[in-house]
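A short worksheet on the structure shown next.
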Amino acid sequence: MPLNWVLVLTTFLFCVGVYGVLARRNAVIVLMSIEIMLNAVNLNFIAFNGVVGGERLIGQVFALFVIAIAAAELGIGLAIVLLIYRNSFTVSLDEVNLLRW
Amino acid sequence: MNLVDEWGITLAVFLPLLGALAIALTPKGTEGIQKLLALGSTGAALVIGLMVAFAFEHGEPGLQFEKNLQWIPSIDANYHVGIDGISLPLIVLSLLVTFLCIVYAYRHIPEPGNTKAFLALILLLETGMNGSFIALDLILFFVFWELVLVPMYFLIGIWGGENRQYAAIKFFLYTLFGSVFMLLGFLALYFQSDPHTFDMVRLQGAGVLNLPIGLANLIFAGLALGFAVKVPMWPFHTWLPDAHTQAPTIGSVLLAAVMLKMGTYGFMRIAIPILPEPAQVFAPLIAILAAIAIVYGALCCLAQTNLKRMIAFSSVGHMGFVMLGIATLTPEGFNAAVFGMVAHGVVTGMLFFLAGSIKERYHSYEMPELAGMGLKIPRMAGLLAFCAIASLGLPGLAGFWGEVMALLSSYRPLEGLNLTVFRSAMVVGGIGTVLTAGYFLWMLQRVNMGKASEASLKHRYADVERLEYAAWVPLLALILVLGLYPRLIMDTTTSSVTRLTETVAGERAEVAQAAER
Amino acid sequence: MQGLVFLIVAAVSGIAAVRLVTNKNLVHAALYLVVTLLGMAIIFLLLTAEFVAWVQVLIYVGAVIVLLLFGLMLTRAQIGKTALDRQQRWVAGPVALVLFAVTTPVLWRFFDGRTINLERQTGNTADLGTEIFTNFVLPFEIASVLLLAALVGAVFLAKRD
Amino acid sequence: MVSLLATAAEHGTETAASGGGAMELAWVIPVIAMVSAALIWAIGKRLPMRGAEIGVAAMIAVFIGGLLVFFDAIAHINADAEWHGFEKAVTWMNFGPGSTVELGYMVDGLAAVMMVIVGFVALMVHIYAASYMKGEVRVTHFFATLSLFTGSMLTVVLANNLLMMLVGWEGMGLSSYLLIGHWWEKHENSSAAIKAFLTTRVGDIGFMFGIFVLFWAAGSFNVAHINELAADGGIARGTLTVAALLLFCGAVGKSAQFPLHTWLPDAMAGPTPVSALIHAATMVVAGVYLVARMFPVFDNAFDVALDVVAVIGSITTVIAALLALVQQDLKRVLAYSTISQLAYMIAGLGVGAYTASVFHIWTHAWFKALLFLAAGSVIHAVHSNNMTDMGGLFRKMPITSITYIVGGLALAAFPPFAGFWSKDELVVGAYEAATAGSRAGTLTLVAMLLTAFLTACYVARMLALTFFGKPRYDPEHVHPHESPKLMTYPLIALAALAVAGGWVGIPGEMNQFGRWVHYGDEHAAFNPMIAILSTGLALAGFAAGWAIFRMGKVKIDVRKTALAPFYRLLLNRYYLDDIYFKGIVRPVRDRLSAAAYWINQKVLDGAVNAAGMVAVASGRFAYRDVDQGLIDGLVNNLARLTGRTGDKLKFWQTGNMQRYAAAMFLGVATLVGAFVFFRI
Amino acid sequence: MDVNLTALLPEIILAVVACGVMTIDLFLPKERRGAAFMFSVVGVLATLVAVLNLYGQNITTLGGMFVVDRFAVIFKIVFCVAALLVFAVSHAYLKEDGEIPHGEYFTMMMFALLGMLTIASSRDLIAIFVSIEMISIPSFVLAGIRKHDIRSNEAALKFFLFGVLSTALMLFGMSLFYGIAGATNLADISENLAGRTDIEEVSLLAILFLIVGFGFKVSAFPFQWWVPDTYEGAPIPVAAFLSVASKTAGFVGLFQVMFLALGSLAGTWRPMFGIIGVVTMTFGNLVALQQKQIVRLLAYSSIAQAGYMLVPLGVASATNTELNTTIVFAVVAYLLVYAFMETGAFASATAFSRRGGGYMVDDYAGMFARSPVLALAMSAFLLSLAGIFPFAGWWAKLVVFQALIEGGGLWLAIAMGINTVVALFFYSAVVKRMFFDRSEVTTAVTLPPVLAGAIGIAALVVVVGGVLPDLFGRLAQNSHFF
């Protein structure tokens, strides 16, 4: 199966994730978009592992670590979002602009 | 004794630093002790300076009292110091003027007081100034060059006149802007030299620096910019009037008497000997700028109503003569430059002292308000007249020889330099002297001989006090002695200056001079 | 044959991702995320990375989605439609498009003609295990401490005191 | 100061001819003057006569010393005609390989003569001033500066190198500035002082450049060495011409020749003894002395050098004489007369009459000093300078009047008096040059003869208005009386010299002066025809003057103001019209002199004042527009610009996260663009 | 697979101590919370001792993944010392603030420190990635540690979102490089990439993605948007920690990847860093001119300082290792000096922001009259940041200038020169306020002993380093790792 197909998919998912982060106002959706971006990267690693890895599975090891750390980040992210929500009762990123200039 | 030979100049430079530290450690209330400490350290430094001057063999052109220690091996900058005919007069001038400033400061601490900080900063300033005159390593020179900025910034900023902060920051940024390019020049020299070195003496050696002429010119331009801002050469001079009018008396005396000389000294110690060819390429340009500075300074003085600002602009004019002397690249020219520097230091230093004392009495520098001083404080008016006449270059007083030698040497610059440029510069310089005479005499007319304004009539002003005499008599004596017996400086500088010309033009200069004689 | 399956799954997860990002209803968005992640797991399987596929299913679909739903619930997101902000879209859209338009041709040109070899004889998990615990022990240890830190941090931030 | 010279003396270089006797100590004389100046400044205030005693004592010493040196020099001249002076110098400093400045003195015939002149006149003036200045303000300062001046003058006279001469030269300039501005309470006096200093300073710049040219050509400042090189072709004639003209600038400035003559009349603002010493006998003569001292340079240059000297001299002598005719102020008449007589000497040098012009310095010094001092005593008595407030003083002040008349006749060059002999020789010199075919020579001859006539005329006018006719002062306030003895004795002494001074140069066998001072051949032979012609002219002039001013009722000022525009028109023709003498009619002559005076005030004097104004205006322009506006403005605007850009950038920080993320991507995009562009 | 434990000793000690402090803190009663500070200081000191005895050794373990060489050891020392200084500053701040729990605060700091120690020694993409995350995640927590202050929450959120987004982009870059070079070990990557000509275009793209990650950490333009808001919102010691420790870690990571892995691609990434460096310093300086609040001013100044450190990379070369050595020497020297002067500046800001002082630059008016020692220290740090002689900053700038000139980057040097002059303006503006202006408030600002100690040490190092810069010189001398 040609590698390029996979790469097209990963780039597409990555760009959708970027769109999600930039466009959506709700912080949780932004977190989800970041998850998509990280998944795209995992797919990339797995695909490259198949192509260049030979018998070593470095790509897949990297993917595993990415998954683990993504989970950890998500935990922290949600905790911060809850904190913001509890203190200023909003989750939309537009209203959170007290610190500027 | 060998202590003087070995550590003489280092002591002369770092004693004031010790003094400054000692003062910084004294408790708040003890002004008396602080003044004594300051007097002691500057006095000791002056004594050592004089001992070095006596131990100095005047005929011998090369470097003396050399000392070379390792400082920063990682960029192989080392503590290499030494003096020759050119730097000795400047160091003695700096030591003397600072000592007299401390004497003057005994009862003339400017307005917000805080003697401790004031004296400590002056001593720090002295270390920076003296250091730059003895440094023979580019980085050491750069370090001392920058060390001078911070204390002067605080001196102007804290104890200065009304908009002192504008003047202080302008002075700081202007000089720093120049010194950035100077630093780039130093670094370029470091990398282009065959065995990488910051050492000025080695850089002058044959074959160490073989640069394409384009790059050499670029480096020289960088160095020249840095020094030009300090001299100050026209058009980089606009910081000087502001700095002077706002600086406290002692600040402007030190600024005029010594700090301006660091720029011209830089030319003679670093830019010209290390890069002789570009020096000859840039010489006409420097001559033109110097000529402009002479006339421009005089013209601006004509338009001044503020006495101190006028003296500041007169410095621009006088330094124009010094630069004209340097631009000729001949022994006579360099001699004129060194003599001009010392003479300007002594005369303009005195003028700023007088301006300061007059301000203390009349609380203003504006000439209309000072009118009629001749009647109210005759002795002060007499001194002002004496110094003004010395400054306009009357023969028999210090100011004359520097100017006349500069004009003389610019008639016949180094072989191969464009004659028309230098001779027109000479003519413009001559016209400059007439304008200088003009504005000084008009000043005397308005200040000494004018009709006393009613405001000043009411007050009774004390004439020159004993302390002021103590601070001023050495300078006045020097003005007279330098005028009547110029060999005091000429003997020390002539040999070193001839050597400098030889390095600039190779043996050609010597042969040409001798042949034509 | 694997190619065909891959295309189908890729299309499904692509559309699901787009729906997630443009969907007004937050809970639907979460569900679309589940579809994308499952698609990813299937593709991993296709590329003979079974262990990673199962980990994907277990952690992502199991834990992450639940966490996100809790997040939505706790921040009382309106179940119904939330207005999608207007002006942000005009910036985000072009940025994403430009990124995609620049990256894909470059990658396509470089990786042209490369195929992923799918015949894998040995057991994937065993090799993976040896790989991690021989060469990548250090990242493993750091990751463990990292997870601990993240745990403590999240609890500290989120707990109501 | 003395110790300095002493230490310097012992390893001085002995050059030129052998010395001995008084000449050896010639250098002491200027030192005495300088020391006296210092002494007066130091302790003058506490002495009974406020420092005058030290001054007079010093001057006595100077005069006697001068005489001794003079007789020693004369002895040497008599011994062998070829003796050309004794010189001794020590290196003052060397400021480069092979360039040294000497501190030395040189005595030859010319210097000896000048020593006597300066010494005697200075002594007379000091005695005179001792009583004249009694009761004035700042007397100590006055006498100190007077001694300083004498010292500087003597330095110029004795200097063996040009740089030391320049030092003395400018020293004189300073003392004249201080003395002219002695009563600086009045604004005009200090302005006059500044004008004098600046105008002479312009000349000095030319002099300085001349020195440079000669230094680089001859390799040293030494006068003897330069003259020697000039004589035997060591220096190119072109360089010599340039140097000569530049040196002549200095002479023009110092000796108040056209066009730099405007400062001398204003210099009358100073006390009269000052005018007598400085602006009659010594300082103004320095210019002529310079040309005389460096005559080989002038002689061996292209002819144009001497021609310029002659032409300038001629023009100045005529103009000054005309202006003297129309002056109200007694001292200004004498001032213009001095300019005219100096021009005589300069023109004389221009046509090569070297001995004659130096002889004229000799005679002119006596009668001009006499006239000034006498005028001083008149003014002292009448308390006004204007001749309109004088008249009929003959009976009131007999000694002053008689001495004044003697001086006047000497000035007008009537036979027995000193003036006749020197002026006659000058005219003879001019006549010989004219006959030798030089155009400048003819112009000079014509100018000299015309001036002879005009001089006599204004002398007559002066005598008539001051001493004869109805007294025009109001009797209650002013009751003229003879000046005290201290003032009249110098007058008598000078009168004696005004009469006998000339005899020393009577042509024929008795002639000593020719031997003392000569350049090349001995002395122009006596030409009876010229003598008769010049005396005749003098008589005619005196008669005309006497007729107009003593007999007729002349209202001088009316015509001048009414017909000013007409004069200006006349003026232009005046210059074009080169028929100089045609139809001299009394009204025409009056208008000419008035016009000349008007030119002088508006054009020449105006020019000098205008130069001042232009300088101040350009100063204001340079300062306000270029310095503050352009350069400083640029610096300040640059600072403000950076401040404002900082301000704009600050507002990019909007606080919204997604704007940041978008900004990041845009930033990356621009950077990529930059990389591709800068494919470094 | 050999595992040389002594090499890993510092990391192990730190991890153990961190967990220890975390657990003990649970059992300590409320008022004796000071103990956490004591334990963490002891812990870090122990780590520092362990690092010091590794000095001079050269060990590679874990299959080339973990290397202890001069480069790594020097930075570990810097991290520990910086952490100790920040601890001292935080101690005073926490006592003052009262609301922040000591235990969690110091634990998180130590976890972040652990990440920094590992990144210094890691020579593998995965290890670098994990270490970066190890630094970032505790920093997110620290930024938001003042839970009830919405400004702190906002700072944490911004920091988190920007951090995670840039990590994702970096990962994408790493995956591309894995695809191109087929390995994650830096040495292997450079081996595979050497001499390959076809990768010109795609490597440019991959490097761009990589730079995003490190750019964020190092606060280079256009990735520095989060810095001012986060520094202002977070507690000042945390801001100090971010601006010193995590920025240095960013540089370490950047260096390893750029020089070790992508050395041969220097041609492509040289212009990027040149331009990024210049734009960063110019942006930082220009905006700093207008700042009224001292922490924001220091934030923008730290962005500008990052610019000064990035610019030497603009003259790196693929072939001339001697030039690269000078560049690494220059940046390492700058980092050493930067650590002390930046921490000192933040420490002084913390000291002054307590009772009697203020956050605004105008509050600094007349400080010299009120607390001269603090004023002198603050001006020492500011003038050192500006690069004025008696303080170590001048030597640091000189060394960077030297590297630029040797590498031929004349225009970069001139840009940096001009920036130094502009920077001097706002540094001296603060100094001017402290010394020249007079203010009516005259209460002296008291300095608690621990904080005074930290400021004193930093000031001492800055001044002594300025006069005898060779101390830093010798340390940074052979720090290259080629």
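Labels A, B, C, D and E are assigned to the chains in the order they are written; within every chain, residues are numbered from 1.
Quick note on the criterion: contacts are C-beta pairs under 8 Å (C-beta built on N, C-alpha and C of every residue); 3 or more make two chains touch, one makes a residue touch a chain.
All of these numbers come straight from a predicted model, not from anything done at the bench.
Following the contact convention of this document, D, E is the list of chains adjacent to both chain A and chain B.
Overall, the chain located most centrally, as judged by its C-alpha mean against the mean of all protein C-alpha atoms, is B. By number of C-beta pairs in contact, A-C leads when A-C and C-D are compared. With centres set at the average Cα position, the gap from chain B to chain C is 72 Å.
Averaging C-alpha coordinates per chain places the centre of chain C 32 Å away from that of chain E.
Distance between chain centres (mean CA atoms), chain B to chain E: 44 Å. Rounded to a whole number, the gap between the C-alpha centres of chain A and chain E is 26 angstrom. Among the residues of chain E, those in touch with two or more other chains are 126, 129-130, 133, 137, 140-141, 144, 147, 157-158, 161, 165, 176, 179, 228-229, 425. Within chain B, not a single residue touches two or more of the remaining chains.
Residue positions of chain A touching 2 or more other chains: 14, 17-18, 21-23, 27, 47, 51, 58, 61, 65, 69, 72-73, 76, 80-81, 83, 93-94, 96-100. Every pair of chains meeting the touch criterion is listed here: A-C, A-D, A-E, B-D, B-E, C-D, C-E, D-E. On the chain D side of its complex with chain A, the touching residues are 650-651, 653-658, 661-662, 665. Of all residues in chain D, those touching chain E in their complex are 639, 642-643, 645-647, 649-650, 653, 655, 657, 660-661, 663-664, 666-668, 670-672, 674-675, 678-680. Those residues of chain D lying in contact with chain B across their complex are 1, 4, 92-99, 163, 166-167, 169-171, 174, 177, 181, 184-185, 187, 190-191, 193-194, 197-198, 201-202, 205, 208-209, 212-213, 215-216, 219, 612, 615-616, 618-624, 626-627, 631-632, 635.
Residues 88, 91-92, 95, 98-99 of chain C are the ones that touch chain D when the two sit in their complex. Those residues of chain C that touch chain A in the complex are listed here as 2-3, 6-7, 10, 13-14, 17-18, 20-21, 26, 29-30, 33, 36-37, 40, 43-44, 46-49, 51-52, 55-56, 59-60, 63-64, 67-68, 70-72, 74-77, 82, 84-85, 88-89, 91-93, 95-97, 99-100, 103-104, 107-108, 111-118, 122, 124, 127-128, 131-132, 135-136, 139, 143, 146-147, 150-151, 153-155, 157-158, 160.
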